[in-house]
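Questions regarding the structure given below will be posed in turn.
Naming follows writing order (A, B, C, D, E and F), and every chain is counted from residue 1.
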Amino acid sequence: MTLNRDARIGRSALLLLLSEEKEYQEDLISNTNWSFCEGKVGSMEAQKVVAAIETAAKNNHIIDKDLYREGHALYHAIIEALHGVTRGEVQLGSVLRTVGLTFAVLRGSPYENKAEGEWIAVALYGTIGAPVKGAEHETIGLGINHI
Amino acid sequence: MTLNRDARIGRSALLLLLSEEKEYQEDLISNTNWSFCEGKVGSMEAQKVVAAIETAAKNNHIIDKDLYREGHALYHAIIEALHGVTRGEVQLGSVLRTVGLTFAVLRGSPYENKAEGEWIAVALYGTIGAPVKGAEHETIGLGINHI
Amino acid sequence: MTLNRDARIGRSALLLLLSEEKEYQEDLISNTNWSFCEGKVGSMEAQKVVAAIETAAKNNHIIDKDLYREGHALYHAIIEALHGVTRGEVQLGSVLRTVGLTFAVLRGSPYENKAEGEWIAVALYGTIGAPVKGAEHETIGLGINHI
Amino acid sequence: MTLNRDARIGRSALLLLLSEEKEYQEDLISNTNWSFCEGKVGSMEAQKVVAAIETAAKNNHIIDKDLYREGHALYHAIIEALHGVTRGEVQLGSVLRTVGLTFAVLRGSPYENKAEGEWIAVALYGTIGAPVKGAEHETIGLGINHI
Amino acid sequence: MTLNRDARIGRSALLLLLSEEKEYQEDLISNTNWSFCEGKVGSMEAQKVVAAIETAAKNNHIIDKDLYREGHALYHAIIEALHGVTRGEVQLGSVLRTVGLTFAVLRGSPYENKAEGEWIAVALYGTIGAPVKGAEHETIGLGINHI
Amino acid sequence: MTLNRDARIGRSALLLLLSEEKEYQEDLISNTNWSFCEGKVGSMEAQKVVAAIETAAKNNHIIDKDLYREGHALYHAIIEALHGVTRGEVQLGSVLRTVGLTFAVLRGSPYENKAEGEWIAVALYGTIGAPVKGAEHETIGLGINHI
């Protein structure tokens, strides 16, 4: 059940966000049969971050919007990624902070054994801080789940 | 107090870990006056991860080992990064899981206003899972603190 | 201070919720001098779940509404039960999820030694999930406190 | 994607533990094609609880021991169930407490739509308290995951 | 059920620790019928902190060692106080930190209404930090429970 | 890097809140060159507690409102103090409870080695409980950070 070094979906999801050029994205499109989407969300409400990611993943057909099974896999991956972003309490406005995030959702097969099937990665990158322009620092999160 | 897009220490610390070639590292050395170090640690004990990062940062003079002030800044950045890695409880062996991580510690000045001074970023990338070869998935964490 | 196997208030509170017929409830009424109440609450707001249980327990005289001591015992039992329901963050709508719960509050004497006095059990059973019909799975929580 | 009232795997897993007679178990065997196992574990170390459940589930072929995908689903269900048991910190001996638990792992298809596939439920019931005979109260946990 | 300003057990428990002279302690002995004890504990293991407080409270007859009811009240007050000390994870050595604490356990009647009965306060004051002499800062915790 | 016993900023910040007379405050003003401020806040919303402390600290020039570095140090000290107050979830109204707090923010140099520089202490003392007059008990929190 070894992870395939050439198929690390978490690393790829994060590089989609950290790369400055579109090259990395085009590379993924050409060399894999993974599906992925990207987006942006800024909010003081954690539920809006969750909703933005879920909506993007459904609209871009990364998950089947009619299967709870897939929504459940995505939801837990999102919450895990938010732990990295919030580092303690999965709370934003209720502790007087806000985020400006880019996100990527990527669905692929990271294991050498085909029976391991598909997994989903949710990567978040951006800033977190006070609701005051510039009073913020970088933040990152990654959630991985079987789907 | 705006973040300088060309001086994002969190992004840089993570790219040090995600880049396959040494180019990114050399680039940082040439174009910034930041200090940074990298290392690896695998353990079922969270305290060994903390210790490995602290030791590397002190031995490479990223922080002054004789100033608690700097050790305190680093410690909280490490714990914040571990939140991203563990996503819920900052526990490894006590909930029967283990990590294999690469880490980078980077000290630099990410804000346009020089008065914002130096900050420290701790980035973690690797795998987390059962203490069984291959039963693991990727994980990422980032902690940022003023120093 | 051994627990009396025939007086397990946590098990009883949960069986009140899981039993399909009224038999279990009638059995409790006949064979014990415990007091208990049951109810339902569906919400995206955790405070409404807390309020519904507190109100039912007071209106049904499970606790004395004029004694903070008893309200305090109940409150902590409710929050402990919510930990089982939410499994990580005691949050609902703020992480975009909702619950549909039945609850039981039961007050009795579970220990063989009469000096151990009365204890309170709060049991929760129902579903948790996205605010979309059917996108949910079961969830359970139990809180126990001395009163 | 509605939950099938006659196929609530969480309720069934818990009733396996709470029922005094073997009738409930035999009923499940006759009327469903679900697989399940039961066991006991007492420990001050949370990792021993995790290990006991994982071992039982693998030895009884509830999950395929060679697929990380299934181990991952089970692991997260176990940790979620432990949240209900521990209600705050997923810690036992490190905060000077111990558990005596029965557990059930049940794999079945709880949704009316067959495409929702199989899910796994981990139920825990027993006592938690000080490492002193009788200084303990009841505790319950349930974790549910897609598999 | 108003708190009696002259009978604030939390404030008193903490002042026992923060006062430099024995005056405050003698004052409590003369003017109240509360029972209290004080002690010290230094450890990298949270369970040793819990054990030291429990032992002192039992040996000094603040709680009845034969009643689980009282041990349960004390235990939860200790864990609540440890939340203030640890501020995030109730962990010490497992995240490579250690504490040097003084503690006070105080049992009294803080409410004007006599029916509110007795309550217990656990106060902690000292330092937390790296297992290196001097690499530490102050920390405080308070837990309150009905008994 | 030893803590100076005569310069314990956490103890001082808390004594500012617990002392009944103004003497302690005047003493601090005469004998140290520390800066500090005090205030009150009552709310069911944690963000209002955070905002009240931040505003007081800025208006009283304890921190430089134009430096994110200082705001960041204060913010984390506030959140750490709130852990002591909330003991589990940094939530108030969302779990149906409210606080009435006094707070002190104190900036000073607690270490013998001058190179350790300035640190900030945030102390909180008051009551927490149900949104019902009198249904509350005492609570305390302390956060310390380098600045």
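One rule holds in what follows: a residue touches a chain if its C-beta (ideal position, glycine included) is under 8 Å from a C-beta of that chain, and two chains touch if they have at least 3 such contacts.
Predicted model, so just to flag it, every value in this text is computed and none were measured.
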item: Minimum number of chain-to-chain touching steps separating chain B from chain C; value: 2
item: Shared interface numbering between chain D and chain C [over half = same, under half = different]; value: same
item: Identity of the chain that, by mean CA position, is farthest from chain C; value: B
item: Candidate from A-B, B-F or B-D with the same interface as B-E, over half of contact pairs in common; value: B-D
item: Separation of chain A from chain F, taking each centre as the mean of its C-alpha atoms, in whole Å; value: 36
item: Whole-Å separation of chain centres (CA-atom averages), chain A against chain E; value: 43
item: Separation of mean Cα positions, chain E and chain C [Å, integer]; value: 29
item: For chain B, residues contacting two or more additional chains; value: 1, 68, 72, 88-89, 91, 94, 111, 119, 134-137
item: Full enumeration of touching chain pairs; value: A-B, A-C, A-D, A-F, B-D, B-E, B-F, C-D, C-E, C-F, D-E, E-F
item: Chain F residues within the chain C interface of the complex; value: 88-89, 91, 93-97, 129-130, 132, 134-137
item: Touching residues on chain C, where the partner in the complex is chain D; value: 1-3, 8-11, 14-15, 18, 80, 83-88, 110-111, 119, 121, 123, 125, 127, 133-144
item: Touching residues (chain side chain C, partner chain F) in the complex; value: 45-47, 50-51, 54, 68, 71-72, 75, 79, 82, 89-91, 94
item: Chain B partner contacts - residues on chain F that touch it in the complex; value: 1, 66-69, 72-73, 76, 111, 113, 115-117, 119, 145-146
